[in-house]
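The structure is given below, and queries will be raised subsequently.
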Amino acid sequence: MLTQKELISLKKGDVIKHFLLIRKCDVRTAKSNKPYLSLELADSSLTIQSNVWENFDSFFEKVKNGDVVFVTGFMEEYMGSPQLRITNIRFAEPSDKVDPSDFLEKSKRDLNQMKDEFFNRMESISNIKLKLLLKLIFDEDNFKKFSTAPAGKSWHHSYIHGLLEHTLEIIKICDLMCDIHPELNRDLLICGAMLHDFGKTEELKFDSSFEYTDKGKLIGHIVISAMKINEEAKKIPDFPEDLKECLIHLILSHQGKLEYASPVVPKTMEAIALYHADELSAKINAYKRAIQAGTLNENKWTKFISLASTDLYNHGISSEVEVEDEINKTLFD
Amino acid sequence: MLTQKELISLKKGDVIKHFLLIRKCDVRTAKSNKPYLSLELADSSLTIQSNVWENFDSFFEKVKNGDVVFVTGFMEEYMGSPQLRITNIRFAEPSDKVDPSDFLEKSKRDLNQMKDEFFNRMESISNIKLKLLLKLIFDEDNFKKFSTAPAGKSWHHSYIHGLLEHTLEIIKICDLMCDIHPELNRDLLICGAMLHDFGKTEELKFDSSFEYTDKGKLIGHIVISAMKINEEAKKIPDFPEDLKECLIHLILSHQGKLEYASPVVPKTMEAIALYHADELSAKINAYKRAIQAGTLNENKWTKFISLASTDLYNHGISSEVEVEDEINKTLFD
Amino acid sequence: MLTQKELISLKKGDVIKHFLLIRKCDVRTAKSNKPYLSLELADSSLTIQSNVWENFDSFFEKVKNGDVVFVTGFMEEYMGSPQLRITNIRFAEPSDKVDPSDFLEKSKRDLNQMKDEFFNRMESISNIKLKLLLKLIFDEDNFKKFSTAPAGKSWHHSYIHGLLEHTLEIIKICDLMCDIHPELNRDLLICGAMLHDFGKTEELKFDSSFEYTDKGKLIGHIVISAMKINEEAKKIPDFPEDLKECLIHLILSHQGKLEYASPVVPKTMEAIALYHADELSAKINAYKRAIQAGTLNENKWTKFISLASTDLYNHGISSEVEVEDEINKTLFD
Amino acid sequence: MLTQKELISLKKGDVIKHFLLIRKCDVRTAKSNKPYLSLELADSSLTIQSNVWENFDSFFEKVKNGDVVFVTGFMEEYMGSPQLRITNIRFAEPSDKVDPSDFLEKSKRDLNQMKDEFFNRMESISNIKLKLLLKLIFDEDNFKKFSTAPAGKSWHHSYIHGLLEHTLEIIKICDLMCDIHPELNRDLLICGAMLHDFGKTEELKFDSSFEYTDKGKLIGHIVISAMKINEEAKKIPDFPEDLKECLIHLILSHQGKLEYASPVVPKTMEAIALYHADELSAKINAYKRAIQAGTLNENKWTKFISLASTDLYNHGISSEVEVEDEINKTLFD
Amino acid sequence: MLTQKELISLKKGDVIKHFLLIRKCDVRTAKSNKPYLSLELADSSLTIQSNVWENFDSFFEKVKNGDVVFVTGFMEEYMGSPQLRITNIRFAEPSDKVDPSDFLEKSKRDLNQMKDEFFNRMESISNIKLKLLLKLIFDEDNFKKFSTAPAGKSWHHSYIHGLLEHTLEIIKICDLMCDIHPELNRDLLICGAMLHDFGKTEELKFDSSFEYTDKGKLIGHIVISAMKINEEAKKIPDFPEDLKECLIHLILSHQGKLEYASPVVPKTMEAIALYHADELSAKINAYKRAIQAGTLNENKWTKFISLASTDLYNHGISSEVEVEDEINKTLFD
Amino acid sequence: MLTQKELISLKKGDVIKHFLLIRKCDVRTAKSNKPYLSLELADSSLTIQSNVWENFDSFFEKVKNGDVVFVTGFMEEYMGSPQLRITNIRFAEPSDKVDPSDFLEKSKRDLNQMKDEFFNRMESISNIKLKLLLKLIFDEDNFKKFSTAPAGKSWHHSYIHGLLEHTLEIIKICDLMCDIHPELNRDLLICGAMLHDFGKTEELKFDSSFEYTDKGKLIGHIVISAMKINEEAKKIPDFPEDLKECLIHLILSHQGKLEYASPVVPKTMEAIALYHADELSAKINAYKRAIQAGTLNENKWTKFISLASTDLYNHGISSEVEVEDEINKTLFD
């Protein structure tokens, strides 16, 4: 585990002796025709720029995105933004025991608590066929990948453990809907919620950056999930055919519309519930992150976000409890 | 209050002495060129067909949709469907103390319980400006209309008290989302949820049938709600301008997309949450009702539902608790 | 095998002693209030109307769409359309050795010739992994279903053996494209062509009429095909992972656009070729059938065809060879 | 009022002693790593670039977009474009009596003439309720804002007084349509035309540049207008409810389609007339400006204009009167 | 010329001795199995229903839509609608000197006045090449067809002389726009307005009913117009190539968008003006007609109009001049 | 004919004495404020970058895109890309006998072979009217342009002779479809295939680069083709009107949908065949070129291609014949 200070906590002049992840690496050329190495370096708290002007040739031949390096130097500021002046740089070695994933953003929620929530909910599934299917699919290896993966490359829950966090949110929403609508088959819906994005463990690679795999682009997480359920259900004796079809239907239809890449639209109550629970979880997370990322500099409006078809607004109206407290103070003090 | 038996509970040959609502009323002509009166009559449980062949002229001159009549006759069956043979029919009179609304479908939830839920939630709003605004808008008269209205003409929660039921569902979903996301301004979001469809009390008439009013068609419930909030907020001293704008934005954007008649798209975290909470509540209710209505006759598939762009499926897979019970029996007995 | 004359060859007054298929069966009521049985009866050449006015109650209780009946009666004409006057009707019995499928429209092409074409083409696949996969999938049972199935419910190649006919057309088009473009991987493309609609054998039922199965509606032929390939490829040792992914991609993307229910769009040269070869084969067949069906009565224009977004035109301009012959005669005789 | 020469009339070498508006202001860094101040300065005739290389720190700390500065220097040319060499720059002071709005582009039409046209037309409204409503809304303050505002941020009539110019064009078109169609209610239509974009006075800020306000983004000019009419009509005794609804309907529907942000589509003759009159006025102005801006350099084609989905063509075919004159000269001289 | 009374002015019991146009003619069968002839008969004021029960066989063999017949009988009423009881019917003969077109709805405007307007405007075209082109195209034969044709089959200006009426409206709108924008080439724009729908003279047949011709469906009025201009301009020496291209561009782009069947979108100022002038003229006429047709029976709302995507509203708010007069009376008397 | 070596075959240090085409030419300014000339130079095999730092003023005043120059210098490499160091540059002169078109990319197919294929197919048209029409249109001048033109500016077959290559592919596909469907009128379809893109000879200029002409933008190749056929068919006595309309319909509808700029959609069997044959030929070529261009550097995925709405994949799975050979070797050696 890394013990170094987070980049975001450092100030101008602070000394750097840090392992950092290479996010981008190019040779560019200054107008003086002098070539230099342009680096984007990151820990999980910040991505920072640095230029190297001398003796970078042999380094550049070996480096690739996702590498971890050990950097010596100090923090500078350039035109208002933090920058890194590098005095020495070397590749991390196995003995350093650092992992590229240590440098990726992670869910703010506690992983162990999320795991407990997930397995407790799985245990309370009544239908033994479905519970067995879940246990086959979420075996140790698969669950490790599932609990590590982001839910997406860049839009919502796009950070380590994001897929698990997102799945738990959907489960909670679905359980609430089952409380309201006893007509919903709770086991089927919760099982669908748990498995709906399972295919993202193969659609994405997320060891040192978030990228689509070839399989992810050619087949997609929806059909990967469906094929997985089909395979594993075959191993369970007497798995009811209609139950399997309804479960696969939940997976296939969970993006709600053909143009969102679902090959069938929702046709059951559980399917329409899962689609909208997914939307609710995904969109609030995405908008929250876009607002947080976009309004760092006291701007209330983000730039135009094409996935939202608008710019977004951080109204900054303070949480009303304090307001009332303040008022009460005024009234009673 | 009506004490007569529900139509749905009657059988062929049963005697009818019922107040019923006129849903449709036409004179048609048989191929024999003989004109007859074709009626659709309803209580809140069923709509039923009846033909009158003689002496209907003076009745036809006075009757209009939404009238209540007192019918004597008996139940018949014709080609598999129930039909009503009328021996006498007269208009209801004030002394009958019947109200057309008694013949409209109603929410299955208990009205008083829903009212309590609503007012309790309103009381727990912390922001005193917003709480005051809610109290001004939900005065006795308005709340009576609000708690009576359906949430729509025919798609979701399209029954008496449906608007209140729908609003309460959204409040629950929004409260859950606030538990997950402390960044949401809970008071603002819940206040928006309570008011988002308030304009439907003027967009629809729902005394004897569900129809759009002229105002509803020309202005629509979204802008009616916004104008109402604008009016009432002006009566509250020092109502913060930014709070009012964010609240009106919630109302205006709650249908999520321009093509769904929202004049602005959601631009705040609360707005995106309200839109998807509304969708979740509306769509599950709509699909449930479509499935229930469409699969009465043992068909698992409904007819094509254009608002869903598909036919819907009633899988009929039994709730899994019993399945497990059965299995447990097998295991332990 | 049926030896009776085709309905289409009969004339007014001809005696009927035919096995026919029940396509639709309703009780309706005349304006005189007299109920009657309205039937649509068909052999593979024609669908014809008939009404039964007496003693149909016990028959109606047992009959369902897709039944075969033996009908005695004679041909009539009513307002310009052929009609059937039934004097006697009974259900077919096992001893009659008739099969509902004998009454369904069939491909005009010779089945054995089509089978030969298909297996010859399969034999000439060079890649032994792909050839083995095809043999596993097109085993005796599956090929029987595959060679019987229509390619659709009503639009293109919607007749018995239509799926095989359609597949062979696509294979020819794809082979031509491979001749033009050596960059195409011929084995992969032809294998994709052969398998692309395999899932229709489970998506549709086609024993006595063409209907979607529950599985067909919930999962769809595209994902059914993909899951089948995934299953069978696992049985082949060392089946290359990239080859499997590219093949499944061909299946998934063959409808070309997300809104046409493909969960991924074509991303390889073979995928774009297969999509457009499929379109070419399907659309010409569909337009030909719509024109033939729609312009029986000397009208040059069909009714509006919603899938084509237009009415279609049968120009009737004679094949030009004869025209030239005629001219040549004029010139030289 | 400014008496300085317009920038557009100056030549290389001319001395500058001008008040100018800061449109953009950034510190950038040259490849030599030397920081410099990059300025965009404008009067109402031209926007021009200038770089400052020394002693700009204290200036940069105070400057913001929309400020007016007094610049001493002279005109240069750099790579074919005019540029400004600054020898001295200071902020304008109150005693300078300059206003940022003096530096914004203005309508080519005479303001007083436009005001007269507007008020004369208002006076000729026959319906006294509508005339009174107009007078309440267009009070001195509001009319000042209304007659100053642009009709948009960048597309059509996007210059000072543009909203008034645009409104007058629509009034003329609507009056012509009333001449053709006596069925139109002229007072209602003209009143709708006058008010349709009134909300733009609050949707936009236009003192020193054209930007959307928070209220503009959250609520939009359509609903701002509707709320204003609703408020003011309440002050007029016996304002007819149906007239108010039809007038608000005109405002709400004037963008014609839901996807253009109208919450209702046009449902009355006046509404469809206003929508298309608005389109006609807006689009010709927008295309004219795009062509004028895009074809300065003898190019006949503009760049691709995304709002028009095409590039635009300046055919340059001379006005035909002269052509004929020329011909006549040839004929008669 | 017909001197008979208009159908719309007749009352129940009035005697009929009228030439009328056959709009539809079918044999139907009553529930008694008795066949009867169902006719739709029309003069230019009304379309009326009539049934013939005896001896219609030989008549039915010869009759076709668009025939004129001479009918003796009298007016009846049936369930609130006027109906015709026929005692004798015969085909019109040449000696009757009646023309099917006398029975088609016509423009309310005076034809000669419209012709004068058209030719006067043509005379004032300054560009002699364009004026010559117009004279070549609007020769006597073509102008006769042009001034007779409707502007469409059923939507706007869909009556005899409608194309001329529509064209004149567009000319007026375009002249107004040229007054506002001197940048528009007035001759080019007016010439384009005159010719834009010329192809409708060949796209439609309108002798006895309004139908598309084969050429109209296969090629369409836009390209027919373009080909005509291309042909005729070739006959004019030195017709400027760029002028011809800009004129044809006006024709091709006048429906404004590709999806409205224009093969190019408007790219010149004149083209965008013509498109929106056409829209303005067409839509107001269409909405007016739909409202007039749909609100005959005191309903304020029409049925849903799919081309408008809404039902339409006849607000019935009286023209305001009288209102003010009344008020003035109150004030001054 | 050029005898110089192709740029693509040169290496670092090789001497250049080449005629090259100017593709782009700008003066830019280095950060040192030193202006320099930035050139893109090309032969038909490669486009290469070069900067000139001194004495370029008089050259820059005369140069324009599409000029041919004679360059002396040598090949360099800069940051991994080839670059050209120019020691001398002069404009080509007539005596050099070089043509800009020699520097444009060309079809890989042999031109004479393509011409033979085209004329042989034309000769085998049976219908003498159509054959005559083809001969009139493809006269020596027109065929020269037709056989030189690219089929597009940048998407498919966008190289010299590409239009002929594309047309021949479509002819082959159409002939195959005629083999399968005898209902197709082969002469009509093949004639339509030959002429469908003829208008591209006027829509595009392709002497030194590929650009749209004014006529191409204002009218488009579809209507240019239709007007040409209309003109030429008028010269043929007794050219059947219905044949002409069907042929023009083929041209007009060949882009298949209104939104793809066809003014009518396909309404005949031949039209639907031509549309999909065109799609098949165009899309495979476009995807092949995009993949080849995009995956030069060992990347398997291209960048996002907006016309395909995806990035494309070069799977690199080897043609299977060799694989089998290899296996056979393993088996038999």
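A, B, C, D, E and F label the chains in the order they appear, each numbered from 1.
Just so it is clear, a contact is a pair of C-beta atoms (placed from the backbone, for glycine too) under 8 Å apart; a residue touches a chain by one contact, two chains touch by 3 or more.
Remember, it's a predicted structure, so these values are computed and weren't measured experimentally.
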For this session: Determine the set of chains touching subunit B that also touch subunit C.
Result: A, E
Problem set entry | Smallest count of steps, each to a touching chain, taking subunit C to subunit F | 1
Exercise. Copies subunit A, subunit D: same or different interface, half of numbers shared as the threshold?
Worked result: different
Exercise. Once you count every C-beta pair in contact for both, which comes out on top, D-F or A-B?
Worked result: A-B
For this session: Using mean C-alpha positions as chain centres, tell me how far subunit C is from subunit E in Å, no decimals.
Result: 44
Seminar exercise, completed: Taking each chain's centre as the mean of its CA atoms, subunit E sits from subunit F at a distance in Å of 46
For this session: Would you mind listing the residues of subunit D that make contact with two or more other chains?
Result: 30-32, 214, 217-218, 242, 246, 267, 311, 313
Problem set entry | Pairs of chains in contact (touch as defined earlier), listed by label | A-B, A-C, A-D, A-F, B-C, B-D, B-E, C-E, C-F, D-E, D-F, E-F
Exercise. Once bound in the complex, which stretches of subunit A touch subunit F?
Worked result: 27, 29-32, 35, 214, 217-218
Problem set entry | In the complex, subunit D residues that touch subunit B | 214-215, 217-220, 222-223, 226-227, 230-231, 242, 245-246, 248-249, 252, 258-264, 267
For this session: Using the touch definition up top, name the residues of subunit E that touch subunit B in the complex.
Result: 30-32, 78-79, 300-301, 311, 313
For this session: Flag every residue of subunit D that touches subunit E in the complex, lowest number first.
Result: 125-128, 130, 169, 172-173, 176-177, 180-181, 183-188, 240, 242-243, 246, 265-269, 272-273, 276-277, 279-280, 283-284, 287-288, 291, 308-315, 317, 319-321, 323-324, 327
